Structures are given as structure tokens and as C-alpha cells.
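In order of appearance the chains are A, B and C, and numbering begins at 1 in each one.
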């Protein structure tokens, strides 16, 4: 029992501590692929430290929402972490507090507050980014729904720990069309949801073309640090859901000893690294889509998920 | 063996036509081959009439009454159109294009000959597909913007139809598989096995084939390519396309009617009548508003396809006899009409009805031919088309399909007046003085000869039906019944 | 044995799923190159499905067809198109289309659902291994017809035709294995001639008219407007 709670906290610690590293590795890999020289993979940590040591400036017109939002954005991924398998392939203490749908709602809560906060300061870019984020969100929502329902129908459960076992028992399930197509649809969703190319350019500095970034333009100091950290954790959590729940449970700790769980950490990190490499390839080989083409991209994701549903459900 | 010769000759002719042997060789070889093929098909048809079975490769290449009739018609129109091409295509300057034309012509005739001969339905599909593909170049031959546009619509729509029909053929095959001797999958087998097939599957296969090949045969609503292709192609090719190619494809659809009838649970007659009447009706009203006289004849083809299908749907020995009789008359008359249209085009160099007045004075042979063709295809009394249409209407009344018969009669009358209204204005009327004063254009000898040769059977069949032909028609009608 | 069959079913389902995805690609992609690539993917899925069915149903003829199709469809036909159709046609991006991409995708989805319901009207597949081929092949056929109607460019229209044919064959493999080899060989051969003839027609059109946007050809219409 205590051990279970401990492992759960360990998972949270894993995500909180290593999310900046994942994002650092991602940008470093991208720079290597594009033959540029970039900062070290620990740069995100330095950025965070710098931001925490700075003063925060808040507009006097801003309401409590603006102040409150960074905490929500920071905490939401942590809550989700307690629900999903990050290091172990058996359910931990909090695993039954909510299913995948619940996790999705908690993540969406963070996004919701970020959007409100962006409008709150009356900065024109904030409102623009907020409306764009909502547009992407509206288009991504049906895909999310279909992916979740298909997954839960095919696997017979909405609890992520049970779902992940389904894909490999028996192993032929791994090659089932519904599984592969769901994974593709979910990758497209991650790209949209985490604001990566081809939907949004996270490294862009041109306010007019921003979608996600423009929402945090008004933040400074610790608030900004929390927003950034929260964003990085969200990406890592989404990747963990993809890799551990949808793709494979391989590399996760099966036993209950502390050593095994600790050993799982580098293995999971390795998996994440491989996925980051895929992400880099995607980001380097596509150009950012024009804003109104985003609907086509998500339309493709929608079609993929529906085809997964059809092949999964109707062939039974 | 005779059937293999019929297939082999056009292939050889295609090869020779493709060789650079001078401008006169290719047309001469083509005409000679087509006439030889005609003689051979007459011989084969006579053997069928005499009751012999003409089988070259058992279960693969064989003919019965219905296929003998179609084969005969292909060879007939193939010969007349080849003769007409001689004078008509001679205008083409490049002898390379000329050679390609004749090579393609022979291949096209080959493909059309193969369809009635093949006995394995899946191979028939291949043959039909070949008729389409090999005629695309011929439709685009004039290489104008319009001809290319027509060729596009033609190829895209009809190849699409072919792919849809493919699924129908595969479904037919799958539904009966394993219940006949190895390698004995033929039209005949299908009829025998049809009662054991799930009617739902059989009907699906039929509808797929009806839609797919209906597009190729020019049945409404997938007829839109037909007036374009049949007006933009060179006139001898129009004669082949309109006169015989559509009929060949309709033949394949007709082959399925006894199959579905023998199943006994599907009302295939209703399908045929509804689709057929729809085509007749739409085409009859489209005829009224055409502005191009080749399109006029093209729409008339859509109308006739509808009539044949309706007649097959009316059913009974009389209805089926009417259908095959109409096939015969349509093929002979429609090919003549396009020869007449080709002659007119040579004489006046325009396709617009409004631009042609008093043709009978500016170019008497073309004028007479056009008038005769128009009267014949519209179905005026002493001529062959009248007889077949009349017999169809009579069988409709005898089978108590009163509504269908009344509709058919009404549409045929509308089309009759539509055709004659347009042709009347072209043939008579006051010609443009500038054209009238110019010296009358001389038509090429081969074209005039073709017109005479092609007109002869239309007149003769109106008053006299040779006994063997009558017997062949009866056998063909029988093939639709059982 | 049962286990390997389950694996084959899964893999065949995967091939069918990717086949369906590439059908959507055919209907909705904007670029000429992309269209061709989706066709190649689709053909590869078709070949893989034929191979798996041949293995699972112990049908050597399907294996032979798979080998033949593997040569003709994803390799020879694209090469043929490349050689006959002028390079300028392929270099065009942003091909015109009657309906925009999201609505195309939705219509294609609707057609897929329709295909699922209509697939019951076809003869049953030989063995549960192949049952997924029926609805997916039918959907490929429908989407191909749809592609043909909304595309305005020559080459995508041609590829739409190939899509229809691929769909029909995917169904066909499932229901009609054991066709005589002569006939099985006729199908890819037929496609080859179609590619050749239409490729040449495209070149003629390109040379003569200067565009291959065949959807814009409207000079042949019924008389009233003229």
C-alpha cells in the first residue's frame, strides 16, 4: 500500500523532473538534424531557474484568473500522471481515481485556464492565440473522443492499465488495424495538442503566426516558468500515454520491487527518446501549415480514427 | 477453327497496317481483311443456322445464335466503315497518323469480334474493356481540343464503368464457384446454376454490371460521354461506336437476362424496362434541342439502346424477337446514318445544323443520303426500323404492358419528329447563295460506294427477310429466353 | 496453426486498413505527386493482402497474382505514367478540386459506412480471414468513383480509376479466389494498357490544349447555351 503510493509519487517525480530534459533533448536533436549548433540539453532547466529568480510583472487590469492559471497549468499534468502508467505496468494507488476520459478532462482544464488567462489581460495577441487554440481544440475534440471510445471498446475498458495489456495479449492484437491506425491518429493529435509542427511552430517568434505560444506572452518570472514547465510536462504526459498505453507496455516495470521500478525509468526514457526522434523527423520534413489548413490536418486525423473505429468495431 | 481465323485476321491486319509500306497499303489491307472476316462470319453464322455447333475451344471460344448475330453485325459494319475510311481519312496529311489509325482500327474490330465469341464471362469483361481502351485513340484522332475533350469523357466514364462491372463479374463467379466441372464456367453454366444462387447476390451482381456496362452502352444517366465521343470522332469511327460498339456491350447485359430469369426470384424484366424506358424518354427529348447533326444521331443511339433493353424486358418470344430484330436494324441503319453525316461533313465542313441549308442542292449525294438515313433511323413505315419497333410495340400489348408500351410509343414518336424536324431544315430550305454558286463538292468514290452498299440492306430488309437471317434471329431471340 | 491464422487475420486487416487510408488520400490530397504516392501505397496494400490471403487460404493462384500485381501496379504503372505524361503536369501542386478537402474526407467517410452496410449484398468471403476485404474493397471502389467525379485534373482522375479497380480487386481476392490464371493475368495487363493509353491522351491534351485540367473542358455541352 505505502509502496504503491510511493511508486505513484515516483512517477510524478519522474515526469516533473524529466519533462524539461525531454524538451531539451527534442530541441537539441532537431538542431543536430538541421545541422545547427544549439544549446545543451539542460538548457530548459537553466531557463526555468532564471525565470524563477526574476520578478513577476502583472498587469493591473488582470483578474485573479491570470494569477491562478500558472498553477492550474502546472498541476493538471501532475494529476494525470497519477492516473496513467508511466513506470509500472500494473495499477498503482491512484490509478482508479479516473479513467482516460477523466485524464483528458484534467488536461483540458489546464488548456481552458490558459485560454481564459490569455483573454484576461486584453492583449490582442493573447485573444488571437486563444481563439486559434480553441479552433484547433474544437477540431481535435471529436478525434480525441473517437480515439478514446474506440480504445475502450476494443480493449473492453477505459482504465489505461488494462488497455495497455490488451494490445499484447495475444501479440496478434498488436498488428490489428484498429491498433495501428489509432496510434497514427493519436500521434497526429499530439502534434496538434502540443502545438508542434505542422500545426504550430513552438520555436516561432512571430506573434501573428503563433497559436499556442501567444497565450503566455504576458507572463513573466515565476508565472512564466510554471507555464513553460506545465507545457513541457503536458508533452511528456501525452508521449507517455501514447507509448505506454497505446503502443506497448514494453519496458515498464512488471514486478513490485523498488529496483525494478527504478530500472524502468531509463527504459521509459529510452522509449521517449526514440519517439522524440520520430517527432524530429516529422517536424523537419514538414512545413508549418497555413492556419486554415489545420482543419485539413485534423480532418485527416479524424478520418484515421474513424477508420480505426470501423475496422475495430464492425469487423467483430 | 473458323473462329480463330476471324480473330486472327484483324490482328494480322493491324500489324501490317502499322508497318510503313506507303499510304495505300494500310486501307487496302484493312478493307480486304474486313471483307474476308465478313465472309468467314457469314459462313460461321450459316453453320449455326444449320444447327451445327460452332465451337473452337470448348467452354472458351464458341458461338450460339445470339453471338453469331452480333458477330455478323460487327463484321458488316467493320467492312463498310473500313471502306468509308478509305476516302474519308485520306485527307489526313501525316502518313504516320494514317498508319496508327488503321492499326488501331483493326485492333478495335478485333476486340469487338472477341466479345461475342468468348464464352467465359470474365474473359468477356476483358474483351469489352479492350473495345473501350482501343477506341480511345480513334475518338481523339482529329486531335482538336473538342476531340480530346470527348476522348477524355469517353475514356474516364467508360473505364470507370468497366471497373464497376468487374466487381459484378467477380461476384457472379464467386456465387457459382465450385458447382460446375473444372474450367466449365460459361454463360450456359450460369443459366443452369442460377436457381441455386442467393437472389440477393445475383441481383447485386446484375446491378453492378448494369451500371458499369450501362455507362459503356450509353444508358441514361451515364450517357453524357456518348454524344461527345460519337460526334467528335471521325465519321467511320462514329459508325462503329454508335452502330455496333454500344450494341456489343448491350449484348453482354442481355446475356444476363436469361440467367436472372432462370433464378426465378428476381424481376429482371422490370429492371430492364425501367432503365430502358428512362433512356428512351430522356434521349427523345434531348434530340429536339440538339444543334449538331452528329449529336442528333448520337442521341438517337441512346434512344435505340433504351428501346432494345425495353424490348428485352417486355420479354416473351415476341419481345425477345423484337429486341434482336431491333439490334440488327439499329446497327445497319445507324452506321449508315453516320456515313451520311460523314459525307455531309465532307461537303459542308460544319457540324452545326443551323449552318446547313438546302443540302440537296449543294451536294445531292450527301443530301439524299442524310434524308434517307434520317427517315430510316426515325422509323418511317416501309423501312426496317419501323418493322422492328412495330413488332416490339405489338409484343408489349400482347404481354399487357400497356403503360410501358404507351410510353415507348410516345417517346418514339417524339424522337421521330425531332429527327425529321432537324433533317428537314438541313436537306431542304434555301441554301446560302455563296455556297450554292460554288462548284458542288465531289465526294470520294469510296464514300459514295459505302453509302450505296450500306443503304442496300436497309431497303431490302424492309420488304424481304432472307430465310437464314430470319432463322438466325429466331435462334438469337431464343438465346434471350432460355 | 490457429495462432498463425490470427496473425494473418491481423496483418490482412492492417493491409486493408492502410488500403482504406490511402483511398482517402486519393480523394483528398492536393498534390499530384502525393496522389501518385497514395496510389502506390494502395497498390502495395493490395499486393500484401493478396499474399496474406494466398498464404492463409492456401491458394497458390493468389500468390501468383500477388507477384504479378507487385510488378505491375506499384512499379510499372507509375513508371509508365512518368514517361508518358509530361513532367510539367507532375510538378503542379495545389490541384483544383470541386469540393474542399474536409468535406471530401467526410463524404468519403460516409461512403465507407455505406460500403460496410452494402457489403452484405456480395457473396460471402472465403474464410473469416478475408472478410474485412469486402467492405474495405467496396469502400475503395466508392471512394474511387467519388475521386473521379470531384477531381478536375487528368492524372488524378486516372488514378481514381485505378482506385476503383484496386477496390474491385480487393473484394475480388476475398470472394473469387481460384480464377483461371489467364483471367487473373488479364486484369493487370488491362490496367497497363489503360495507363498507357490515357497517359498518351494526357500528353496529347497537354500539347494541344496546354492544360490537363479536364474538369474545365466545357466546350461540348448541350445546345441551349450556344
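Details
Just so we're on the same page, a contact is a pair of C-beta atoms (placed from the backbone, for glycine too) under 8 Å apart; a residue touches a chain by one contact, two chains touch by 3 or more.
It should be emphasised that the depicted structure is a prediction, and the values quoted were computed from it without experimental measurement.
Measuring from the average of all protein CA coordinates, the nearest chain centre is that of C. When chain centres are defined as mean Cα coordinates, A lies farthest from chain B. Chains joined by the most contact pairs: B-C. Chain B and chain C have CA centres that are 30 Å apart. If you average the CA atoms of chain A and of chain B, the two centres end up 65 Å from each other. Centroids built from CA atoms put chain C at 36 Å from chain A.
Against chain A, the residues of chain C that register as touching in their complex are 3, 6-7, 9-11, 13-14, 16-18, 20-21, 24, 28, 101-102, 105-106, 108-109, 112-113, 116, 131-132, 135-136.
Interface residues of chain A facing chain C in the complex, by the touch rule stated above, are 170-178, 180-181, 295-296, 299-300, 302-304, 306-308, 310-311, 314-315. Of all the residues in chain B, the ones that touch chain C in their complex are 120, 122-123, 126, 129-130, 133-134, 136-137, 140, 143-146, 148-153, 155-156, 159-160, 163-164, 166-167, 170-171, 173-175, 177, 183, 198, 200-201, 203-204, 227-228, 231-232, 286, 289-292. Touching chain B in their complex are the following residues of chain C: 121-123, 137-138, 141, 144-145, 148, 154, 157-158, 160-161, 164-165, 167-169, 171-172, 175-176, 178-180, 182-183, 186-187, 190, 193-194, 197-198, 200-201, 204-205, 208-209, 214, 217, 219-220, 222-224, 226.
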